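Down below are the structures I want you to see.
Common to both upcoming complexes is subunit A, partnered first by subunit B, then by subunit C.
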Partner chain A sequence: MRLNDALKWGLLVWMAVVIWAAFQWAPSAVGFQGESARIVFFHVPTAWVATLAFLVSCVASILYLWRRDPMNDVRAASSAALGLLFALLATVTGSIFARIMWGSYWNWDPRETSITFLLLIYAAYFALRAAVADPERRATLAAVYAILAFVTVPFLVFVVPRIWWSLHPDTIINKQGTIKMDSRMFQVLMGSLIGFTGLFVWLYTIECRIERIRQRRQQELL
Partner chain B sequence: MSNWLAELTAVFVKDLRAEFRTKVSLNAVGLFALTTLAAVSYTIGPYRIAEADRPFLLGALLWIVIFFASMAGLDRSFVKEEETHTAALLRLAAHPLVVWAGKLLFNLVLLIVLMAILVPLYCVLMGYRVESPWWFLAVLATGGYTLAVTTTMVAAIIARAMSRGALFSVLSLPLLLPLLIFVIQGTTAASQGEVDGVLSTLRAVISLGGIMTVLSVFLFPVVWND
Partner chain C sequence: MNDLMGITLVTLIIWVGLFAYVYRVDRKVRRLED
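Now for the complex of A and B:
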């Protein structure tokens, strides 16, 4: 328990430093309106966590189908709930940036399309869970859907932007495989990625506990 | 192998015979397509779109009509089994993969019939000229297959849940969104005679269809036997 407490306080300090560094330590980016580029330190990590949550959900789903352990269903559902939250955050931060740089909150850029798609999948996943009463069947059907949805993600993230024209700034790892970023900005971004991942892990453990209690209560009611 | 083929044919013929008895799917899909086509043709028609926008907009509208029409009826194959309580018997009578293949074949035939009626009508009513008809057909065929294989799997899932009708489109559309983007690009390229554009989208559509087929083979028995 003591290690957990230490980690939580460590995360608080880490995130505080990241937020400070994002505004004070990282230099201004060239070629962007005002200080708008600083949103990258929060936008990219939220998008990363949304994808990571989806991956965790998919892995937990595969494990559920394999071992039929109800805990894996709890893991998949909890991770998907957090993924939905972070996907929303990524959409909002991206949309603010789009308004400042490109003049409109939304213009169906391929990146915007792919995040919408992620949001739709999460929404559909929960719609499916809500429509099945039997816990075991709910777990199986949701797991199958999560796996089906997961394999279509690479098509939207990697193939569609190649076919469709995009305004989105080059992703961190661009087509040449090099990192075009100021070293201080890169450090802050990496720090932020680690911090957000830590935040996800913490939220995930809490959410798993809540979800398990919720499912137990539902079974008691039945 | 021949045993499997016989079972597959039996499942397919059974579905076809049941469909001809009621014609529920055919009516739903066909009438939905005709109504949307009438609405599109009446409000937009062949002359309302600027010449430069024609290939893209007409390709996009065609696929939107096909997609929404298929949402209206492709779920019937499995929902019907649950509604009439025949699923349990089918589970005993045939291997899961045979059931899957038979239902997929049925959905494919339904889509082929839909496209065979809808696409020529659409071309006539909207004045849609296609430069490379063979590539256009290739996009329709591969897109139709991927659409059928994805919706068959989703239909199997929703048949086991409540409020099936609404759930089918809610679950299908996110999975079909990349396909929709690819086939619209491919159709646009085919109508302009750009073979390179068609080839790049065909690659994407075929790989998506292939992955969906492989996944279905693994996941369908799990859903069906649950």
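Now for the complex of A and C:
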């Protein structure tokens, strides 16, 4: 078995253990409705992967503008697409938590509002890509936009929700710089973060490979 | 079977299904690359 395959099967087992531990091994959190706090094991990793994906997209965009290698444009677009997908998943899991805790799926809380802006910013990235026909011009404009879009990410993800009062529970690493979480819950969360990062890397490489095949076929046709 | 065990099983089924789908796509891409 190749190392690549072993890693994939390892991810299957790893995430299965994380899922089991999230619901069966981690204790119930105090101060939350029922078992709603267990969503943290999926909500935080999806938000983390979204941020990571937007960072990768920004780095690939910088590399595109520097070296003009079309593969960097492919990397930027693939990563932004996955970022958007994981940001949507973070929004959905957050909404489920909001429904249980606060009685409504959507409350226009600062964190909900900031993620809406983030989703719109990256949706506009794909609208921009779809609007420009010339590949070189599209790649350049998209790269500039992706860099500017990423500038907003630290503000929308980390700053804005901390400036205003929010319904959102205190984050794992809070204002006091301490981790307020049961050690078993923390271990499961770390395991989930590793698993979701692995899943992102796998999906990202598949997307890039598909795009490379598509480009090779287009060149063969010309 | 309690609610939490049911949620565990459903989540595990979703994960295995997702993995199987992505693995299939991965193999298909590999065949196209060769």
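Odds and ends about this structure:
Convention: the second predicted complex is superposed on the first by the 208 of 222 C-alpha atoms of A that agree within 3 Å, B and C clash if a C-alpha of one lies under 4 Å from a C-alpha of the other, contacts with A are read in each partner's own complex, and residues count from 1 in each chain.
Just so we're on the same page, contacts are C-beta pairs under 8 Å (C-beta built on N, C-alpha and C of every residue); 3 or more make two chains touch, one makes a residue touch a chain.
As the structure is a computational prediction, the values presented were derived from the model and not from experiment.
In the superposition on chain A, A:L148 makes contact with subunit B only, not with subunit C. In the superposition on chain A, A:M15 makes contact with subunit C only, not with subunit B. When the two structures are aligned on the shared chain, A:V132 is found in touch with subunit B, with no touch to subunit C.
In the superposition on chain A, contact of A:I210 is made with subunit C only, not with subunit B.
Once the two complexes are laid over each other on the shared chain, residue contacts for A:M71 go to neither subunit B nor subunit C. In the superposition on chain A, A:T140 makes contact with subunit B only, not with subunit C. Touched residues of subunit A, counted separately for subunit B and subunit C, are more numerous for B. Residues 3-5, 7-8, 11-12, 15-16, 19, 22-23, 25-26, 29, 32-33 of subunit C are the ones that touch subunit A when the two sit in their complex. Those residues of subunit A that touch subunit C in the complex are listed here as 8, 11-12, 15-16, 19-20, 23-24, 35, 202-203, 206, 209-210, 213. Listing the residues of subunit A that touch subunit B in their complex gives 65, 113, 117, 120-121, 123-124, 127-128, 131-133, 136-137, 140-141, 144-145, 147-149, 151-152, 155-156, 159-160, 163-164.
By the touch criterion given at the top, residues 150, 153-154, 157-158, 160-163, 167, 170-171, 173-175, 177-178, 181-182, 185, 200-201, 204, 208, 211-212, 215, 219, 222-223, 226 of subunit B touch subunit A in their complex.
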